[in-house]
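In what follows, structures are represented as structure tokens.
What follows is chain A paired twice: with chain B in the first complex and chain C in the second.
Entry: the complex of A and B
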């Protein structure tokens, strides 16, 4: 193969595509290689059943950086994001709690459970806005390096320290707590009603193998809460045509800047000579030369798969081995012939957001208990979204698609992860049975069902151990430790090999920051 | 006191927020819900149903209807084919815009004109010598704008009209839910959309049918706030907001010519004289003083400005229409933005306004006034091409 590129990117996940777009925009000759037949990685839409388009895995846009939307002109390439409006927590024996964009309406709803909570709620939101300003600094820049004495690094740390201090309400104290507490402990300081705390606490455990009472989950809660705050810029929502719409827009932007994208081009390994990457080999034996190789795959696939232990030092291999995946969630996508009817709720306004099956803290903790011993939760936390309500393009008229994110579905079943295919349908039944407890007649409305276990995520989508964030988004795997201390800046021990996936800082969710920051780092390095 | 439109019995039931305003003497919904956001997103992703009945409407009939309208407006309406709609403006003798609107050819000798302001007496003043009848049909006809990507699918359930034939800026007479109606492929949102024209007697039937059939297509009644956000994204100007009718201006400087409003493309000079002809010809030769431009207000600067006060950037929750000053790069006042919006789709902060011609080229760097923590500041703004939002489906 005579062709040679400035950069070849392994994996057309949204981060890979964003990285490609920025590099191509800077004039580099870029090739993106994708194993599957569609681009998007975990941010993909597929018409699984005729007329029904599912956001197969990732289903909401959280924290997608508005700067990426502007700089890559993504709306011109087809990106359209529809904000989620409500947050509904149904109950088995009542109308549940719905939080609305209208503050007074939310206050009245919360008052039915606790007037105190209802009145504190806006205060909580204001404080979280303060804290989020600090978090925004973190996700919009490279991870600081606390071990370095370089003036540049010290300045960065100083800036971070300042933004720590900048908040009012004694927010330094608050932030220290956020970093160490459990989501429930943190929320207990504010609220008393379970039906309010439970759905809020869930943000602390998404994509982790932790429970809402596990230490460190308060920070993760913040990480996700940011998405709602950022909602002022309306980036917490659904992508038109499913989350694949984001990937397609990024792909079109990359192509408009001259990048080439090849699907069904599976990379076998990264070519390394003298500690330097110089290209990739495809499964079909083709070799592609490039000055830089960028992996959008997770750290395990990148280093233990594409690179190979033999090219790495033992210490680094060990650190990658220790990097935790422990996928804990599954996905059930449904095609239905009518909207779900929750008890004592009429109309559809309460469905124009996310619906959390999280009736109490104990419910969530019990769901975790089962996962701890290698079983999927018999009554799991389910995050339900009905995208077709706001985006009719994903279902035939009058019919709907329902996306169910389900936790816990631990990759490590006690019988071994390879038993997942046998348990797939039982897992699907559990999800449907659970929902049916809240929605009478729900089962009868189902036309089609797609069940995705962590095993499927690993084997079909290349997510090691089925972790949706390319590695657990837990406190010890964030910032300068993502994916490994000393290697949080998209560089790797192999020269000219970079990382740009969700397994790097800041990682997680359809944020795009990893791809954007990786591209920036690569261009600044002048290696390219 | 305002009066109800032909759809009032329906819109008033749906307007749970009780947010109304007066529009041309009618009760008009600003926002059906407490926030207009869902209505805006319905327009962009499903369909929004907007009651635009308060538009002024005139039926111009008679053997001289075409030549009369060619005399009154800046366009040669004689060339307008049957079943076509055109957008244009009309001027006073000095070539200053009086109003803008659409003209539809409903028959050989029948045109319908829409206007933002009462225009009968102005048309009547110019009528002498033309064999035309002008009827003010404003109250007689109810108008609904059905706008958004699923609008065509919804109409297809309800009408015998061949919607594929109603191309961009076309209009057809048809049966809609059993009611005699005109459907035009027009709108004020910059999206795929239609406007539906029915006699007041059939208005409620049509409204009910659209809401009923539209449910499966995500239809939502939408108010003027959602419409305003859409129309600014689509860069459509508005009489009384982005310019003032020459009839109401106390000073010359307030008046605007079509060229100054970005409507130069509607002016057809190579023909018999029309109202304002000579002045417009002169202006084209000597050049206009001002241009109507779109501004992209630097978001990063706005963000860091608010950050200085320890605040997240504060966004107006809806489109604004109080004028704001525009300065050149050295900080001198050069013009004003007349309306603007944070575009929920493009994630950019846009404004429409007038600046001197020499500052109107796309790419020109200007300064725009932003208020942060009660204090006025200047941030960078760049002149950009309009429309800001121009999806392919708009013309499809």
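Entry: the complex of A and C
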């Protein structure tokens, strides 16, 4: 079967679609192949129960690159981001802490727990914003290559080194601390109240198999301060119509530039001849020829699945084998007939953002301790968002959808990951029970429930070991080491085979940077 | 009355002795002031039970820098190095246990009992670490440039280090970048299938740390331990102290014990000496403090002399003690059921990584471990004089035991700790209780008050990446302080704690250079 393309992209995740859009915009003939019936990969909206549309997996946007929105003209293709306004941390007994868009109001709330913390909070934000300029440089450019002696690479390293030192508030010492300390140790340098530190610290552990006291978790705190610099929208937001709205906008942009997207087209393997990729074979046996193949799948699926060990050198296979996934989170999506009622908070203003079940540092750490030994947390960290409050289109009138991101749900259960299907409902019960401790009457409000375990993420959504970022975002798997040293620039050991997913620099989350940077690299390579 | 010295050194631990000796050998008049009744600090020998003496609180002596031994002439003062690293017994409740040898030839048989492929992997591991060692030594066995205020000589120095890094070759260099931020558990599991081998190798990386085998960054400590592991001292830390003391005396250092410094004396912008607890003032043009940075800046200097930001950074320097010390006087060598005939001087508990991790978990919640991880040193195996004939001294570093124990430390808590320690030992060497004829328990709080180490932290501050590269904090990373003539020369400075003598030596060089 003989249709031929300039580029065929395996997987219509948001990065694959963005890469497709950029290549099509540059005049290339592009085909995107998606195994499932919908595009979006992990950034997908589905009407799971009649009238209720869930952002099935990924549910908030934080660092989506403004340059992508601009260059692909995404608003014209339907993209609409609704900012999250609040960050609420309930306590089991008591009013909890809500941080508001208005800084003085937040300070007032914080001062109920600590006057000192309230006073230093603005200074902390200012300092972090300063330092985050450095981190922003990293996600908007190719990973540096410290092994190269080429002058331009050395210059790039030098520039990175200079930006590392340049921050006004961000002394070198502070940056060294951010990149090596635990989120808790770092926050301890500033704050004293648990109710403030706990919800702040969790940003350091999302999607990782680490606890808030694990060294190396502090730098992710910066992510919260990067979105604001761009000024395009606040640091966290929701996509109208669910997270799938982002993917749809990207898909429409790609199609507008002439790309073709096929769903329910599962790729079986990548065609390789003489060390060069020249197309793909679908599960139904169809062969599609292409000058370039781009995989949006994670490194394990790409190399050990689609390519196959036999086409790769042993050393490279070993590196891919030890690339770590270890998914640690699950997702529970609920359809409810009323808004959750937290103790001592009336109205819904405090729900127009995210609600963190993270009452204390010790609570979070104990949740991690259970996961370390292969059990899901009996009292997990839950990040709750009620998208229907800001975007009524996703639920029938008067009813709501609730998205619960849950950690820890370790892929590697001590009985083995294959036991997850048996534990799925028990895990769902744990989440509901936990929430009910903060919201009396919560259980009674539930109409439908969808529970997604790391096992489901792997089998339904193709994320190896259920890792939401296509591989752990630990220091040794970032920058020039993502996914393997020497292969951080979207190229692979197979000529004409490229990668564009979250398993490449700069990593996961709905940033789109991998897809954008991959497209740029491919075009610059003049292979296409 | 004030006497006038070139340099007054505060604290006669191994680093204070080292700094003082270096300075005196270069012709400086030096007085060394020690609060306790003997020199040596945590390395000193003490009688803890009538007729039973320790060989120091800490155990590891292989970190002692060979160049320091040479330059201080310690061999002439009776220092004897062991021919090979002490084997370490890792007892198991059932099965053969494991004796960990550093040398891969010696290790092969033992490892083979647990895994046939690991013996060969261990050989590769050793040669890999040996290849990395020159770079790690370049950074941690030399003074570190002050990265916040680079001058030409610093740039030259950084350039040399970069060259050493490149000389590794691309493969090893990239691998070094990959493994440094990892946790020991992940990295060692890449190498070995026998968990007991990984656990034995991981232990030094976790010593005195608020970290377990699954904590990222611990691999840096493992690499440092392996790269900077030289030769052990026969007789343990106390033997090092004894040689250092003789060298100091020979060099002309005036050592004064029971001389507690309570304040630094200032004149203008700089120091003019120190004040002792009895009010005596000792004049000195330069003062070198081998006490920990918190003790120096927060206790010996009036708060209003410090810039607020600097004071805050010092206060935030993490010194959370997590180890207790238990000394046992035994009427015989304990019989480990897995190796009834073996009598080694080093024993460590912890048979798999999760076992150790569980032991660590407790300290995060200000609890002591139910089943602590024990590092045993039996100095009487090599040095029978420390106990009555046929009897033994067992020195145990017990982890994890928080300084900030919930509810605070008291006699009841210390008894509980002793009980848990004996119960843990009893699993492997039943009958240990019957052998015990005396004991001493030092909680982290006791260690703080006995040895003057803030937080009871025996390394003067945690060895975490951010506290190693800019040790202790910005503004005093190169042994200097915000005060002219006042220097740091202890474990709170680069390259950190342990029986290295490096901070003392590097500080002395800095002091000599400044004076010239």
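The rule we apply is simple: the second predicted complex is superposed on the first by the 515 of 528 C-alpha atoms of A that agree within 3 Å, B and C clash if a C-alpha of one lies under 4 Å from a C-alpha of the other, contacts with A are read in each partner's own complex, and residues count from 1 in each chain.
Here, a residue touches a chain if its C-beta (ideal position, glycine included) is under 8 Å from a C-beta of that chain, and two chains touch if they have at least 3 such contacts.
Here the structure is a predicted model, which means the values were calculated and not measured.
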Of the partners chain B and chain C, which touch A:66 in the superposed model: first, second, both, neither?
first
Does the superposition put A:189 against chain B (first), chain C (second), both, or neither?
second
Quick one: classify A:75 as touching chain B (first), chain C (second), both or neither.
first
Looking at A:272, would you say it contacts chain B, chain C, both, or neither? Reply first, second, both or neither.
neither
With the two complexes superposed on chain A, say which partner A:517 touches: chain B (first), chain C (second), both, or neither.
neither
Between chain B (first) and chain C (second), which does A:210 come into contact with in this model arrangement: first, second, both, or neither?
second
Under the stated touch criterion, which partner chain does A:351 make contact with: chain B (first), chain C (second), both, or neither?
neither
For A:393, decide between first (touching chain B), second (touching chain C), both and neither.
first
Where chain B and chain C land on the same part of chain A: residues none
Chain C - residues contacting chain A, complex:
147-148, 166, 170, 173-175, 177-182, 186, 190, 210-211, 214-218, 313, 316, 318, 354, 357-358, 361, 364-365, 464-466, 469-470, 473-474
Which bits of chain A are touching chain C when the two form their complex?
146-147, 149, 171-173, 176-177, 180-181, 185, 188-189, 210, 213-217, 322, 324, 362, 365-366, 369, 372-373, 474-476, 480-481, 485-486
So in the complex, which bits of chain A are touching chain B?
66-67, 69-70, 75, 80-83, 85, 101-102, 105, 129, 132-133, 166-168, 229, 232-235, 240, 352, 389-393, 397-398
Per the contact definition, I'd like the list of chain B residues that touch chain A in the complex.
33-35, 37-38, 41, 44-46, 149-150, 153, 215-218, 299-300, 307, 310, 312-313, 315, 344-348, 389
